[in-house]
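First subunit A sits with subunit B, and in the next complex the same chain sits with subunit C.
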Partner chain A sequence: MSNDSLVILVRHTPYSSHHARAAMDLTLTAAAFDSDVGVVFMDEGVFQLISGQDTGTSGFKNVGKMIPALAAYDVDKVYVHTPSAARFSIEDEYAMDGLLPLDDEALKTLVQNARHVMVY
Partner chain B sequence: MKFSIIVNGAPWSSPSALSALHFAEAVAESEHELYRVFFYQDGVHNASAFVVPPQDETDLPSRWQRLIDNHHVDAVVCAASALKRGVIDAAEADRYEKSGHNLLPGFTISGLGQLVDAFQISDRVINFPT
Partner chain C sequence: MILHTVNKYSDCISACMSVADKEDAVLLLEDGVYAALDMDDNRHFWASISTVSRHYVLEADLAARGISDKMLARFNVVSWQDFVALSAESDKVISWG
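This part shows the complex of A and B:
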(Lines of atoms letter the chains of each structure in order from A and count residues from 1; the text may use other names and numbers.)
(Lines give C-alpha, C1' and ligand atoms only; values in the text may rest on other atoms or scores of the structure.)
Protein backbone atom coordinates (compact mmCIF):
# COMPACT_ATOMS: atom_id res chain seq x y z
CA MET A 1 0.00 0.00 0.00
CA SER A 2 1.13 3.55 -0.60
CA ASN A 3 1.89 6.03 2.14
CA ASP A 4 -1.52 7.64 1.66
CA SER A 5 -3.26 4.48 2.76
CA LEU A 6 -6.14 4.25 5.19
CA VAL A 7 -6.63 0.88 6.84
CA ILE A 8 -10.00 0.21 8.43
CA LEU A 9 -10.09 -2.55 11.05
CA VAL A 10 -13.55 -4.02 11.54
CA ARG A 11 -13.83 -5.90 14.83
CA HIS A 12 -17.53 -6.11 15.68
CA THR A 13 -20.27 -8.56 14.71
CA PRO A 14 -22.64 -7.16 12.08
CA TYR A 15 -25.80 -6.53 14.10
CA SER A 16 -24.66 -5.94 17.69
CA SER A 17 -23.93 -2.26 17.13
CA HIS A 18 -23.74 0.45 14.49
CA HIS A 19 -20.04 -0.22 13.89
CA ALA A 20 -20.41 -2.54 10.90
CA ARG A 21 -22.52 -0.12 8.93
CA ALA A 22 -20.34 2.84 9.92
CA ALA A 23 -17.23 1.00 8.72
CA MET A 24 -18.84 0.32 5.34
CA ASP A 25 -19.91 3.96 5.02
CA LEU A 26 -16.37 5.20 5.67
CA THR A 27 -14.89 2.60 3.31
CA LEU A 28 -17.18 3.66 0.47
CA THR A 29 -16.65 7.36 1.13
CA ALA A 30 -12.88 6.93 1.19
CA ALA A 31 -13.07 5.07 -2.12
CA ALA A 32 -15.24 7.83 -3.59
CA PHE A 33 -12.53 10.34 -2.60
CA ASP A 34 -9.85 8.23 -4.30
CA SER A 35 -8.19 7.25 -1.05
CA ASP A 36 -6.06 4.16 -1.03
CA VAL A 37 -8.27 2.23 1.38
CA GLY A 38 -8.07 -1.30 2.73
CA VAL A 39 -10.58 -2.95 5.03
CA VAL A 40 -9.68 -5.79 7.41
CA PHE A 41 -12.26 -8.07 9.00
CA MET A 42 -10.84 -9.42 12.23
CA ASP A 43 -11.86 -10.66 15.67
CA GLU A 44 -15.68 -10.94 15.77
CA GLY A 45 -15.79 -8.74 12.67
CA VAL A 46 -15.24 -11.86 10.56
CA PHE A 47 -18.92 -12.71 11.14
CA GLN A 48 -19.73 -9.88 8.73
CA LEU A 49 -18.30 -12.01 5.93
CA ILE A 50 -20.52 -15.05 6.21
CA SER A 51 -23.12 -15.80 3.57
CA GLY A 52 -26.83 -16.11 4.13
CA GLN A 53 -27.21 -13.26 6.60
CA ASP A 54 -30.94 -12.75 7.02
CA THR A 55 -31.78 -9.45 8.66
CA GLY A 56 -35.51 -10.10 8.21
CA THR A 57 -37.53 -7.70 10.31
CA SER A 58 -34.58 -6.72 12.55
CA GLY A 59 -34.46 -3.19 11.20
CA PHE A 60 -30.79 -3.53 10.26
CA LYS A 61 -29.53 -3.15 6.73
CA ASN A 62 -27.89 -6.32 5.46
CA VAL A 63 -24.13 -5.83 5.78
CA GLY A 64 -23.54 -9.25 4.23
CA LYS A 65 -24.83 -7.92 0.94
CA MET A 66 -22.79 -4.71 1.06
CA ILE A 67 -19.39 -6.34 1.49
CA PRO A 68 -19.43 -8.40 -1.75
CA ALA A 69 -20.39 -5.16 -3.56
CA LEU A 70 -17.25 -3.31 -2.41
CA ALA A 71 -15.34 -4.31 -5.54
CA ALA A 72 -17.90 -2.45 -7.64
CA TYR A 73 -16.78 0.72 -5.83
CA ASP A 74 -13.09 0.05 -6.53
CA VAL A 75 -12.39 -1.27 -3.04
CA ASP A 76 -10.29 -4.27 -3.96
CA LYS A 77 -8.28 -4.62 -0.75
CA VAL A 78 -10.67 -6.57 1.42
CA TYR A 79 -8.78 -8.68 3.93
CA VAL A 80 -9.75 -11.42 6.32
CA HIS A 81 -7.62 -12.07 9.39
CA THR A 82 -7.28 -15.81 9.06
CA PRO A 83 -6.58 -16.58 12.75
CA SER A 84 -9.89 -14.86 13.63
CA ALA A 85 -11.78 -16.84 10.97
CA ALA A 86 -10.19 -20.05 12.23
CA ARG A 87 -11.10 -19.23 15.82
CA PHE A 88 -14.78 -19.06 14.88
CA SER A 89 -14.59 -21.85 12.25
CA ILE A 90 -16.15 -19.78 9.47
CA GLU A 91 -13.51 -20.23 6.75
CA ASP A 92 -15.96 -22.11 4.50
CA GLU A 93 -18.85 -19.70 4.89
CA TYR A 94 -17.71 -16.53 3.16
CA ALA A 95 -20.27 -14.68 1.08
CA MET A 96 -17.67 -13.57 -1.44
CA ASP A 97 -14.60 -14.68 -3.35
CA GLY A 98 -11.36 -12.78 -3.55
CA LEU A 99 -10.83 -12.06 0.14
CA LEU A 100 -7.15 -11.46 0.84
CA PRO A 101 -5.91 -13.58 3.74
CA LEU A 102 -3.84 -11.95 6.48
CA ASP A 103 -1.99 -13.79 9.21
CA ASP A 104 -0.74 -12.02 12.33
CA GLU A 105 2.55 -11.05 10.75
CA ALA A 106 0.91 -9.66 7.59
CA LEU A 107 -1.61 -7.73 9.69
CA LYS A 108 1.22 -6.19 11.67
CA THR A 109 2.99 -5.13 8.47
CA LEU A 110 -0.20 -3.69 6.97
CA VAL A 111 -0.87 -1.58 10.05
CA GLN A 112 2.74 -0.47 10.32
CA ASN A 113 2.77 0.69 6.70
CA ALA A 114 -0.58 2.46 6.81
CA ARG A 115 -0.64 6.22 7.12
CA HIS A 116 -3.86 6.10 9.14
CA VAL A 117 -5.76 3.33 10.90
CA MET A 118 -9.42 3.51 11.87
CA VAL A 119 -10.92 0.90 14.16
CA TYR A 120 -14.58 -0.07 14.28
CA MET B 1 2.41 18.74 12.46
CA LYS B 2 -1.23 18.73 11.36
CA PHE B 3 -3.62 16.99 13.74
CA SER B 4 -7.26 16.09 13.32
CA ILE B 5 -9.45 14.68 16.06
CA ILE B 6 -12.47 12.38 15.92
CA VAL B 7 -14.95 12.75 18.79
CA ASN B 8 -17.17 9.67 19.17
CA GLY B 9 -18.61 10.10 22.64
CA ALA B 10 -21.59 12.08 23.86
CA PRO B 11 -20.95 14.45 26.77
CA TRP B 12 -21.11 12.58 30.12
CA SER B 13 -21.79 9.15 28.62
CA SER B 14 -18.10 8.31 28.87
CA PRO B 15 -14.82 10.14 29.43
CA SER B 16 -14.24 10.06 25.66
CA ALA B 17 -15.52 13.54 24.78
CA LEU B 18 -13.73 15.22 27.68
CA SER B 19 -10.47 13.47 26.78
CA ALA B 20 -10.88 14.62 23.19
CA LEU B 21 -11.50 18.18 24.34
CA HIS B 22 -8.39 18.19 26.53
CA PHE B 23 -6.31 16.88 23.64
CA ALA B 24 -7.79 19.39 21.20
CA GLU B 25 -7.09 22.26 23.59
CA ALA B 26 -3.52 21.07 24.03
CA VAL B 27 -2.96 20.86 20.25
CA ALA B 28 -4.50 24.28 19.68
CA GLU B 29 -2.21 25.83 22.28
CA SER B 30 0.88 24.07 20.96
CA GLU B 31 3.01 24.85 17.93
CA HIS B 32 1.07 22.18 16.02
CA GLU B 33 -1.94 22.80 13.79
CA LEU B 34 -5.42 21.54 14.56
CA TYR B 35 -6.74 20.90 11.06
CA ARG B 36 -10.21 19.64 11.96
CA VAL B 37 -12.31 18.26 14.79
CA PHE B 38 -14.83 15.76 13.44
CA PHE B 39 -17.86 15.00 15.63
CA TYR B 40 -18.96 11.51 14.73
CA GLN B 41 -21.65 9.08 15.93
CA ASP B 42 -22.71 9.94 19.52
CA GLY B 43 -20.08 12.70 19.51
CA VAL B 44 -22.54 14.94 17.65
CA HIS B 45 -24.27 15.68 20.96
CA ASN B 46 -21.29 17.88 21.86
CA ALA B 47 -22.62 20.34 19.28
CA SER B 48 -26.10 20.63 20.78
CA ALA B 49 -27.28 23.97 22.13
CA PHE B 50 -29.97 22.15 24.10
CA VAL B 51 -27.51 20.57 26.53
CA VAL B 52 -27.97 21.92 30.06
CA PRO B 53 -25.34 20.52 32.42
CA PRO B 54 -25.51 20.90 36.19
CA GLN B 55 -23.75 24.08 37.31
CA ASP B 56 -20.92 22.26 39.03
CA GLU B 57 -20.06 20.08 36.02
CA THR B 58 -18.02 20.80 32.90
CA ASP B 59 -20.13 22.31 30.13
CA LEU B 60 -18.61 20.45 27.19
CA PRO B 61 -20.53 22.11 24.34
CA SER B 62 -19.55 25.55 25.68
CA ARG B 63 -15.94 24.48 26.11
CA TRP B 64 -15.87 23.21 22.51
CA GLN B 65 -17.42 26.43 21.34
CA ARG B 66 -14.81 28.50 23.17
CA LEU B 67 -12.02 26.44 21.61
CA ILE B 68 -13.57 26.83 18.15
CA ASP B 69 -13.93 30.60 18.57
CA ASN B 70 -10.53 31.24 20.13
CA HIS B 71 -8.54 29.15 17.68
CA HIS B 72 -10.74 29.26 14.56
CA VAL B 73 -11.10 25.49 14.63
CA ASP B 74 -12.85 23.75 11.74
CA ALA B 75 -15.49 21.84 13.73
CA VAL B 76 -17.45 19.49 11.49
CA VAL B 77 -20.47 17.52 12.67
CA CYS B 78 -21.15 14.36 10.65
CA ALA B 79 -24.47 14.90 8.87
CA ALA B 80 -25.58 11.26 8.86
CA SER B 81 -24.74 10.89 12.57
CA ALA B 82 -26.30 14.21 13.56
CA LEU B 83 -29.62 14.16 11.77
CA LYS B 84 -30.65 10.79 13.10
CA ARG B 85 -29.72 11.87 16.62
CA GLY B 86 -31.68 15.10 16.44
CA VAL B 87 -28.77 17.51 16.12
CA ILE B 88 -29.78 19.83 13.28
CA ASP B 89 -29.13 23.33 12.01
CA ALA B 90 -31.66 25.85 10.78
CA ALA B 91 -31.40 24.75 7.15
CA GLU B 92 -32.04 21.09 7.98
CA ALA B 93 -34.88 22.03 10.33
CA ASP B 94 -36.48 23.92 7.48
CA ARG B 95 -35.83 21.13 5.01
CA TYR B 96 -37.32 18.42 7.20
CA GLU B 97 -40.00 20.66 8.69
CA LYS B 98 -38.82 20.29 12.28
CA SER B 99 -40.02 22.65 14.98
CA GLY B 100 -36.57 23.73 16.16
CA HIS B 101 -32.85 23.52 15.59
CA ASN B 102 -30.00 23.13 18.03
CA LEU B 103 -26.62 23.24 16.31
CA LEU B 104 -24.35 25.57 18.24
CA PRO B 105 -22.78 28.47 16.32
CA GLY B 106 -19.25 27.61 15.23
CA PHE B 107 -20.07 24.01 14.31
CA THR B 108 -20.82 22.98 10.71
CA ILE B 109 -22.87 20.00 9.56
CA SER B 110 -21.19 18.22 6.66
CA GLY B 111 -20.59 14.79 5.19
CA LEU B 112 -18.29 11.88 5.89
CA GLY B 113 -16.11 13.19 3.08
CA GLN B 114 -14.80 15.75 5.55
CA LEU B 115 -13.42 12.90 7.64
CA VAL B 116 -11.78 11.35 4.59
CA ASP B 117 -10.31 14.77 3.76
CA ALA B 118 -8.95 14.98 7.31
CA PHE B 119 -7.25 11.60 6.80
CA GLN B 120 -5.78 12.81 3.51
CA ILE B 121 -4.48 16.14 4.82
CA SER B 122 -3.51 15.47 8.45
CA ASP B 123 -0.26 13.97 9.63
CA ARG B 124 -2.06 12.41 12.58
CA VAL B 125 -5.74 11.65 13.11
CA ILE B 126 -6.53 10.88 16.74
CA ASN B 127 -9.70 8.90 17.36
CA PHE B 128 -11.38 9.02 20.76
CA PRO B 129 -13.63 5.93 20.90
CA THR B 130 -16.27 5.42 23.54
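This part shows the complex of A and C:
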Protein backbone atom coordinates (compact mmCIF):
# COMPACT_ATOMS: atom_id res chain seq x y z
CA MET A 1 0.00 0.00 0.00
CA SER A 2 1.14 3.53 -0.64
CA ASN A 3 2.24 6.04 1.96
CA ASP A 4 -1.14 7.70 1.94
CA SER A 5 -3.21 4.58 2.24
CA LEU A 6 -6.42 4.37 4.20
CA VAL A 7 -7.84 1.11 5.52
CA ILE A 8 -11.42 1.07 6.78
CA LEU A 9 -12.40 -1.79 9.09
CA VAL A 10 -16.14 -2.46 9.14
CA ARG A 11 -17.07 -4.50 12.22
CA HIS A 12 -20.77 -3.84 12.78
CA THR A 13 -23.97 -5.28 11.33
CA PRO A 14 -25.59 -3.17 8.60
CA TYR A 15 -28.64 -1.70 10.35
CA SER A 16 -27.89 -1.67 14.08
CA SER A 17 -26.23 1.72 14.10
CA HIS A 18 -24.89 4.53 11.97
CA HIS A 19 -21.59 2.69 11.56
CA ALA A 20 -22.24 0.99 8.23
CA ARG A 21 -23.47 4.15 6.58
CA ALA A 22 -20.61 6.21 8.01
CA ALA A 23 -18.08 3.68 6.71
CA MET A 24 -19.62 3.83 3.25
CA ASP A 25 -19.63 7.64 3.27
CA LEU A 26 -15.97 7.74 4.26
CA THR A 27 -15.05 5.16 1.63
CA LEU A 28 -16.70 7.12 -1.16
CA THR A 29 -15.27 10.42 0.08
CA ALA A 30 -11.76 8.99 0.21
CA ALA A 31 -12.18 7.53 -3.27
CA ALA A 32 -13.38 10.90 -4.57
CA PHE A 33 -10.07 12.39 -3.40
CA ASP A 34 -8.10 9.59 -5.12
CA SER A 35 -6.97 8.06 -1.83
CA ASP A 36 -5.56 4.56 -1.86
CA VAL A 37 -8.50 3.14 0.06
CA GLY A 38 -9.26 -0.42 1.14
CA VAL A 39 -12.38 -1.63 2.94
CA VAL A 40 -12.33 -4.70 5.16
CA PHE A 41 -15.50 -6.44 6.29
CA MET A 42 -14.76 -8.38 9.49
CA ASP A 43 -16.47 -9.70 12.61
CA GLU A 44 -20.23 -8.95 12.43
CA GLY A 45 -19.47 -6.53 9.59
CA VAL A 46 -19.47 -9.49 7.18
CA PHE A 47 -23.28 -9.45 7.38
CA GLN A 48 -23.14 -6.33 5.23
CA LEU A 49 -21.96 -8.49 2.34
CA ILE A 50 -24.97 -10.80 2.22
CA SER A 51 -27.03 -10.77 -0.98
CA GLY A 52 -30.78 -10.24 -0.93
CA GLN A 53 -30.91 -7.50 1.72
CA ASP A 54 -34.33 -5.81 1.47
CA THR A 55 -34.59 -2.68 3.59
CA GLY A 56 -38.13 -1.97 2.34
CA THR A 57 -39.74 0.80 4.34
CA SER A 58 -37.24 0.62 7.21
CA GLY A 59 -35.74 3.97 6.28
CA PHE A 60 -32.25 2.51 5.89
CA LYS A 61 -30.30 2.66 2.66
CA ASN A 62 -29.61 -0.80 1.35
CA VAL A 63 -25.97 -1.50 2.18
CA GLY A 64 -26.09 -4.75 0.19
CA LYS A 65 -26.64 -2.71 -2.94
CA MET A 66 -24.08 -0.04 -2.15
CA ILE A 67 -21.15 -2.40 -1.66
CA PRO A 68 -21.24 -3.95 -5.17
CA ALA A 69 -21.34 -0.39 -6.55
CA LEU A 70 -18.00 0.53 -4.93
CA ALA A 71 -16.04 -0.56 -8.00
CA ALA A 72 -17.81 2.14 -9.99
CA TYR A 73 -16.17 4.67 -7.65
CA ASP A 74 -12.71 3.15 -8.17
CA VAL A 75 -12.76 1.30 -4.85
CA ASP A 76 -11.40 -2.02 -6.01
CA LYS A 77 -9.89 -3.22 -2.74
CA VAL A 78 -12.85 -4.70 -0.93
CA TYR A 79 -11.74 -7.39 1.50
CA VAL A 80 -13.55 -10.03 3.49
CA HIS A 81 -11.98 -11.46 6.65
CA THR A 82 -12.53 -15.13 5.86
CA PRO A 83 -12.44 -16.42 9.47
CA SER A 84 -15.32 -14.03 10.27
CA ALA A 85 -17.33 -15.19 7.25
CA ALA A 86 -16.69 -18.80 8.20
CA ARG A 87 -17.80 -18.15 11.77
CA PHE A 88 -21.21 -16.98 10.53
CA SER A 89 -21.39 -19.47 7.60
CA ILE A 90 -22.01 -16.83 4.96
CA GLU A 91 -19.12 -17.61 2.59
CA ASP A 92 -21.50 -18.56 -0.24
CA GLU A 93 -23.92 -15.67 0.11
CA TYR A 94 -21.99 -12.60 -0.95
CA ALA A 95 -23.78 -9.88 -2.88
CA MET A 96 -20.73 -9.27 -5.05
CA ASP A 97 -17.91 -11.03 -6.84
CA GLY A 98 -14.26 -10.13 -6.57
CA LEU A 99 -14.02 -9.83 -2.80
CA LEU A 100 -10.41 -10.22 -1.72
CA PRO A 101 -9.98 -12.80 1.05
CA LEU A 102 -7.94 -11.93 4.14
CA ASP A 103 -6.84 -14.34 6.83
CA ASP A 104 -5.72 -13.20 10.31
CA GLU A 105 -2.11 -12.69 9.31
CA ALA A 106 -2.96 -10.77 6.12
CA LEU A 107 -5.37 -8.55 8.06
CA LYS A 108 -2.71 -7.73 10.62
CA THR A 109 -0.20 -6.88 7.87
CA LEU A 110 -2.72 -4.64 6.13
CA VAL A 111 -3.49 -2.72 9.35
CA GLN A 112 0.15 -2.41 10.40
CA ASN A 113 1.22 -1.08 6.99
CA ALA A 114 -1.60 1.36 6.32
CA ARG A 115 -1.00 5.07 6.86
CA HIS A 116 -4.45 5.56 8.39
CA VAL A 117 -6.89 3.06 9.86
CA MET A 118 -10.51 3.85 10.69
CA VAL A 119 -12.74 1.41 12.56
CA TYR A 120 -16.52 1.32 12.18
CA MET B 1 4.36 2.00 16.86
CA ILE B 2 0.59 2.19 16.81
CA LEU B 3 -1.46 3.61 19.68
CA HIS B 4 -4.74 1.70 19.90
CA THR B 5 -7.44 3.49 21.86
CA VAL B 6 -10.43 1.44 23.02
CA ASN B 7 -13.55 3.23 24.24
CA LYS B 8 -16.00 0.38 24.77
CA TYR B 9 -16.03 -2.72 26.92
CA SER B 10 -16.85 -5.24 24.21
CA ASP B 11 -15.28 -7.63 21.72
CA CYS B 12 -13.62 -4.67 20.02
CA ILE B 13 -10.71 -5.23 22.40
CA SER B 14 -10.18 -8.72 20.99
CA ALA B 15 -10.35 -7.39 17.45
CA CYS B 16 -7.83 -4.73 18.34
CA MET B 17 -5.43 -7.22 19.92
CA SER B 18 -5.61 -9.55 16.92
CA VAL B 19 -4.12 -6.95 14.58
CA ALA B 20 -1.80 -5.28 17.10
CA ASP B 21 1.94 -5.74 17.11
CA LYS B 22 4.37 -6.31 19.96
CA GLU B 23 5.63 -2.74 19.91
CA ASP B 24 2.14 -1.25 19.95
CA ALA B 25 0.47 0.47 22.90
CA VAL B 26 -3.13 0.26 24.08
CA LEU B 27 -4.95 3.05 25.90
CA LEU B 28 -8.34 2.38 27.48
CA LEU B 29 -10.84 5.25 27.46
CA GLU B 30 -14.46 5.83 28.50
CA ASP B 31 -16.18 2.45 29.06
CA GLY B 32 -13.04 0.75 27.76
CA VAL B 33 -11.50 1.31 31.21
CA TYR B 34 -13.59 -1.58 32.57
CA ALA B 35 -11.18 -3.89 30.71
CA ALA B 36 -8.52 -2.80 33.21
CA LEU B 37 -10.62 -3.89 36.20
CA ASP B 38 -8.95 -6.59 38.31
CA MET B 39 -11.39 -9.48 37.84
CA ASP B 40 -11.17 -13.03 36.48
CA ASP B 41 -12.37 -12.34 32.93
CA ASN B 42 -9.95 -9.49 32.44
CA ARG B 43 -7.08 -11.30 34.12
CA HIS B 44 -7.50 -14.29 31.79
CA PHE B 45 -7.96 -12.08 28.75
CA TRP B 46 -4.80 -10.04 29.24
CA ALA B 47 -2.79 -13.12 30.21
CA SER B 48 -3.70 -14.62 26.82
CA ILE B 49 -2.49 -11.56 24.89
CA SER B 50 1.04 -11.74 23.57
CA THR B 51 0.87 -8.55 21.50
CA VAL B 52 1.07 -4.96 22.81
CA SER B 53 3.89 -4.14 25.18
CA ARG B 54 2.46 -1.05 26.84
CA HIS B 55 -0.89 -0.72 28.61
CA TYR B 56 -2.43 2.59 29.59
CA VAL B 57 -5.71 3.69 31.06
CA LEU B 58 -7.07 7.23 31.29
CA GLU B 59 -7.19 8.59 34.84
CA ALA B 60 -10.31 10.73 34.41
CA ASP B 61 -12.41 7.86 33.06
CA LEU B 62 -11.29 5.54 35.87
CA ALA B 63 -12.09 8.17 38.48
CA ALA B 64 -15.51 8.89 36.96
CA ARG B 65 -16.39 5.22 37.32
CA GLY B 66 -14.94 4.86 40.83
CA ILE B 67 -12.51 2.10 39.89
CA SER B 68 -9.16 3.89 40.18
CA ASP B 69 -7.91 1.50 42.90
CA LYS B 70 -9.23 -1.71 41.33
CA MET B 71 -6.96 -2.03 38.32
CA LEU B 72 -4.79 -4.80 36.98
CA ALA B 73 -1.13 -4.18 37.74
CA ARG B 74 -0.05 -4.10 34.09
CA PHE B 75 -1.92 -0.85 33.44
CA ASN B 76 -0.31 2.56 33.80
CA VAL B 77 -2.61 5.42 34.66
CA VAL B 78 -2.22 8.41 32.35
CA SER B 79 -3.55 11.97 32.18
CA TRP B 80 -5.01 13.82 29.20
CA GLN B 81 -1.57 15.40 28.70
CA ASP B 82 0.03 11.94 28.60
CA PHE B 83 -2.62 10.92 26.04
CA VAL B 84 -1.55 13.80 23.80
CA ALA B 85 2.13 12.88 24.19
CA LEU B 86 1.43 9.22 23.42
CA SER B 87 -0.51 10.20 20.30
CA ALA B 88 2.27 12.47 19.13
CA GLU B 89 4.97 9.82 19.49
CA SER B 90 2.93 7.13 17.71
CA ASP B 91 3.14 6.47 13.97
CA LYS B 92 -0.63 6.33 13.92
CA VAL B 93 -3.60 6.13 16.26
CA ILE B 94 -6.43 3.66 15.73
CA SER B 95 -9.69 4.25 17.61
CA TRP B 96 -11.59 1.07 18.40
CA GLY B 97 -15.16 1.11 19.59
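Side notes on the structure shown:
Quick note on the criterion: the second predicted complex is superposed on the first by the 120 of 120 C-alpha atoms of A that agree within 3 Å, B and C clash if a C-alpha of one lies under 4 Å from a C-alpha of the other, contacts with A are read in each partner's own complex, and residues count from 1 in each chain.
Assume contacts are C-beta pairs under 8 Å (C-beta built on N, C-alpha and C of every residue); 3 or more make two chains touch, one makes a residue touch a chain.
These numbers were taken from a predicted model, which means no experiment stands behind them.
Because the two structures share subunit A, they can be overlaid on it, and in that overlay subunit B and subunit C fit beside each other without clashing. Once the two complexes are laid over each other on the shared chain, residue contacts for A:Asp25 go to subunit B alone; subunit C is not touched. Shared-chain residue A:Arg11: touches subunit C; no touch with subunit B. Residue contacts after overlaying the shared chain place A:Ser35 against subunit B, while subunit C stays out of touching range.
In the superposed model, A:Ala106 makes contact with neither subunit B nor subunit C. Once the two complexes are overlaid on the shared chain, A:Met96 sits clear of subunit B and of subunit C alike. In the overlay built on the shared chain, the residue A:Asp43 is in contact with subunit C alone; subunit B does not reach it. Using the contact criterion defined above for the overlaid structures, shared-chain residue A:His116 touches subunit B and also reaches subunit C. With chain A fitted onto itself, subunit B and subunit C come no nearer than 5 Å, counting C-alpha atoms only. Under the contact criterion defined above, the residues of subunit A that touch both subunit B in one complex and subunit C in the other are 115-116, 118-119.
Residue ranges of subunit A in contact with subunit C, taken from their complex: 9, 11, 42-43, 104, 107-108, 111-112, 114-119.
Touching subunit A in their complex are the following residues of subunit B: 41, 80, 111-113, 115-117, 119-120, 122, 125, 127, 129. Interface residues of subunit A facing subunit B in the complex, by the touch rule stated above, are 4, 6, 18, 22, 25-26, 29-30, 32-33, 35, 115-116, 118-119. On the subunit C side of its complex with subunit A, the touching residues are 2, 11-12, 15, 18-21, 92, 94-97.
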